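Take a look at this one; I'll ask things after.
The first chain written gets the first letter, and so on, giving A, B, C and D; residue counts start at 1 in each chain.
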Amino acid sequence: MLEKLMNIDRRIIFIAIALSVIIPTLLPVNLPITGSEPTQKLYDYIDALPPGSTIMLAFDYGPSSLAEPAPMAEAVMKHCFDKGVRIIGVTLIVDAVTLADKLMQKVSEEKGAVYGKDYVLLGFRPGVTQVILGMGTEIAGVFESDYTGKPLSEIPMMANITNYDQIDLLLDLSAGSTVEIWITYANVKYGLQIAAGVTGVIVSQMYPYLQTGQLVGLMPGFLGAAEYEKLINAPAKGTEGINTESFAHLLIVGLVIMSNIAFFVHQRQSVGASSRSQREE
Amino acid sequence: MTRQVPLVLCFLFGIVMILTEFVPHSRSQGLYQGIVNWSLIISPFALVLAVATLIQTHWTRISRHTEHWQYSYVVFIGIIIMVLIGVPTFLNNVSFLSKIGLSFGPKSPIFEWLFNNVQVPMDATMFSLLAFFIASAAYRAFRARTFEATLLLITALIVMMGNVPIGDLIWNTVMAWTPWDDVTSTARQWILDNPNLSARRGIILGVSLGVISQSIRIILGIERSYLGGD
Amino acid sequence: MKGQKILCPSPVVQGLVILVFVLGFGLNTFAQGVTPPMNVDAKDTPNDAGKSITITWEKAVDGISVANRVRGYQILRRIETGEFEEVGPLLPPETTEYKDSTIEEGTPYAYIVRAVTEDGTTFDSGETDFVKGTGEWFHTKKIPLFLAMLLFSIAIVWNIYHAQSGKEIFVRRIPGLEAVDEAIGRATEMGRSILYVLGLGGVSDVATIASMTILGQVARRTADYETPLRVPCNDPVVLNVVREIVRSSYLNEGRPDAYNEENIFFLTESQFAYAAGVDGIMVREKPAAVFLQGTFYAESLILAETGNSIGAIQIAGTASEHQLPFFIAACDYTLIGEELYAASAYLSKEPMLLGSLRGQDWGKLFIFAAIVLGVILELLGVNWITTFLQRVS
Amino acid sequence: MEVFGIWVAAFLTFCIYSFLYRDNPFYRFAEHLFIGLAVGYGIVITIHQGLIPLAWNPLWQAITGEGEASRWGLLNLIPICIGLLFFARLSRRHSWLIRYPLAILIGVGSGIAIPNVLQADIFAQTHGTLTPFSQIGRLSAFEIFGAILMVIGVICTLTYFFFSVEHQGAIAGISKIGIAFLMIGFGSAFGNTVMGRVALLIQRVDFLLNNWLGTLF
């Protein structure tokens, strides 16, 4: 019986996890979200920027992991457009550029932001480190034109922006190791302020940089997206997601506990059996 | 020519990049900028390596009729479709093609349609398989068999619950008689801010020393594995 | 009664109000000349390319009324033959320093700092001397960085040299490695195979190289026992290198006859298909020991879970931080991060690896000392290590 | 076209999920199509966002004398030629030529890395460990506890990764504590990874239930 329970067909677990996500998606609930400090810090930093400031948004995630960073980007862009903070979009990941374009268009339409005046998408250039370093001396040296091929010199909001000196914050939305690269090359070499919004997988390794101030703020995964949405009072995908997520986590925690109980009972039984057999010999 | 010249080039470019870091003069910064620009031009060509390897393997599979070789054609079809629609922007000037509604380049609606409705969903779904595997692994493999594994599992459970609003909700309902609120998310935050931070910092310090030591070996030509075999 | 009081304030209050008004007006007229910024100084910015001048000043003194409060500072500059013109935006009132990075290198400029009040009145400071921006040939603040770099390089090179000259270099016991013999022994006893998974890395990947080195050593042992060693590969180039390594291991042990090339094979280069393929092998062949060494991505947990479910001894090792938790939870032994590299140095005894390992240890010792000393000094109220590190970082 | 797109996306999503039951032709088809498209997309974007603006345009402008480019743009021919050496990979006899561009890129990368990594990761992280102590008078008891714990954690973890000394006696004890810290670190990574992976599933389920079924009802 115990043996059977321990070696249950994995497809049963697959069905359970699917249901734990499908049911709350169909019947959404609203759970109270407690804010955390790293997200609050990011919000405060952006909130304190005077209108007319510029932040750079690095869309460093591919389609495989857009679930978490996309709602973060949306929330931050809404906040910026409301405050009159301008946004420069850029990406170091090849398949992020079309995603970024789509997302920026969507949010700007909603908030009535104008391309070239309130935001611009520079696009993608190959060569990660070199791109970051190149923009430190001159952005136009790397991106002489934007994503659509329009020369930067013809874009009004880029008129007074030559390099990182005119950028108040870089927010890296990342699903990989780009945050560390931005810190090592843009923060150390050019003194650019950096914040991050990252997928759950890499949240833990961001904390040393947060403590040293190399990161001014951090949005941890879906939770970060939900927290930011709460701060700007516009619940969207992040909030929906974290509520649904609750049930899947509950299920997984349950599974871990259950399997460990079974494991210990089983171990005790087998230890008992082996000591008995020793006595018989 | 085959080994010495690359080693010398590597040494020269490496040393120049290090020295410009310490010389703020505009001459030195100009040199630095020049090299960065050059490597910006060189790096896109590196894509050739990846594409060539991929084509080669699938070509071998087709020619040798290994198991499931037919699917290798699907890979080629995928590449060809994207490249044919995405690359030749000059065809946009051919009026015949635009008359029948064809447009080319990365901004072409066909290209974007393929990206948004074929590539994005597949990529995202492929990775979402992991949610299932993680659940099944949680049940079948994550056992507290040693002290280390136990510590890992307990931390994982706390962080998992602290990451979702239901964690605090459960605490605040079940443990309402205690004077503390929102303990789950507070505990999560403390773990990330303290023991997690120290462990990560230890790893970062060790790994960075490794990176620097490898870079030194590469520049000095002691480490040559990147040159590959002869 | 109370209402009356409000309508008709007591004489004292009336007097006070008048006094405040008079004083207010008086000061207001007096403060038309808000004290302008003082001690304005312009200097060539140190440690730069010569493309900026730094201006510092002491804050202007506010007037009392809101209208006379300083709203911000405007920097103005001129060249020797020109008029003053504005540079940069209006700076916030708490600023006392500005770096003008829009200058021509080598041209002399003079500056004034203008305080602008809420009502738009301006108060100019005196004019500075003419200064020009010049580039420096050495960044003085980076001297410690330069020295640290030099010292560490010497440490690495010296240790490699030391190791190459045949001196013994000690590497500590690594728990997972002792299990290697146990695992091979068990496989031999049970008459089952050993599965060695190299992960998804390419040949230039440091972790893959380390893994291949370890595989070479594992192969030497299996050659002795004639235990089948199965290696599914995911990169065609790695496949060729691995075949070479395993063959030479068998040759070195004097058992070239036991080497079977078909045991080292190419599976597929795509991530999940590779994981599924390895899973299939595990379930069908039930190897007694599974090695998961190298670079792993998301597929790590699929592999570790299946290996666990067939009851194999699992020895994992990776530098891919995100995958380590899954290996630790599901495998019997795990080489964590740098341990993988150390293990390959330990087993192969290659001087380059041993030497740099010790050089890196020296680096750690240095950090160690800095932290311990820094904390002790801070607690004693001496903070020069902290200040030093702050200046450098 | 949009509805059709959603149906295509939904079909492919199901193809991939069919893998959860077992490996099958639908999954294999979707997987291979995906590999092909992803590579094709990479080629297109690298050409249009990389090669054309960075290599071709400056060169063309230098030749024709258009725009603000000067004859110096012709110097770009050198890196372009070096980059073209990557094509040597296609020939077995000349494949050693790719070592030239590789050596330059790796040399530049290593050169930039040494001082910057030293600064960002070693100096800054060591400094970060000490900062709480420089303001210890202003910290609460709990924060002081945190600061001490941090120093202990960093030192013990570093000790664990120390290879030139045998881990015996006190060192064994210290490195054991280091392992404990590492395990807590990995545990938190585990917990966060679960959040990340489930998030991916939520996004797909949201697509299937709201976008795809939305076209039906």
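Convention: a contact is a pair of C-beta atoms (placed from the backbone, for glycine too) under 8 Å apart; a residue touches a chain by one contact, two chains touch by 3 or more.
Nothing here was measured: the structure is a model prediction, and the numbers come from that model.
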| item | value |
| --- | --- |
| Pair of chains with maximal C-beta contact number | B-D |
| Between subunit A and subunit B, centroid-to-centroid distance (C-alpha), Å | 14 |
| Approximate Å spacing (C-alpha centroids) for the pair subunit A, subunit D | 13 |
| Averaged-CA centre spacing for the pair subunit D and subunit B, given as whole angstrom | 3 |
| Multi-partner residues of subunit A (each touching 2 or more other chains) | 7, 14, 17-18, 21, 64-67, 95, 97, 125-127, 130, 133, 142, 188, 200-205, 208, 211, 220-223, 245, 248-249, 252 |
| Contacts with 2+ other chains: residues of subunit C | 142, 145, 149, 152, 272, 309, 321-322, 325-326, 328-329, 337-338, 364, 367, 393 |
| Contacts with two or more other chains, residues of subunit B listed in rising order | 18, 21-22, 29, 36-37, 39-40, 43-44, 46-47, 54, 106, 115-116, 119-120, 123-124, 126-132, 134, 136, 138, 140, 142-143, 148-149, 152-153, 156-157, 160, 163-164, 192-193, 196-197, 200-201, 203-207, 209, 212, 214, 216, 226, 228 |
| Topology of the chain contact graph, where touching chains are joined (line, ring, star, complete, other) | complete |
| Residues of subunit C that touch subunit B when the two form their complex | 47-51, 105, 135-139, 142, 145-146, 149, 152-153, 156-157, 160, 203-204, 206, 209, 236-237, 241, 269, 272, 298, 301-302, 304-305, 308-309, 319, 321, 325-326, 328-330, 337-338, 341, 352, 356, 359-360, 363-364, 367 |
| Footprint of subunit A on subunit C - complex, ascending | 101, 309, 321-322, 393 |
| Of all residues in subunit D, those that touch subunit A in their complex | 20-21, 38, 41-42, 45-46, 49-50, 53-54, 57, 108-109, 112-113, 116-117, 119-121, 124-125, 127-128, 131, 185, 188-189, 192-203, 205-206, 209-210 |
| Parts of subunit B lying in touch with subunit D, wherever the complex brings them together | 2-3, 5-7, 9-18, 21-22, 35-52, 54, 68, 71-72, 74-83, 86-87, 89, 105-106, 111, 113-132, 134, 138, 148-149, 151-160, 162-164, 188, 191-209, 211-212, 214-216, 218-219, 226-228, 230 |
| Complex contact set, residues of subunit B against subunit C | 18, 21-29, 53-54, 56-57, 60, 126-127, 129-130, 133-134, 136-137, 140-143, 148-149, 152-153, 156, 203, 205-207, 209-210, 212-214, 216-217, 220, 222-223, 225-226, 228-229 |
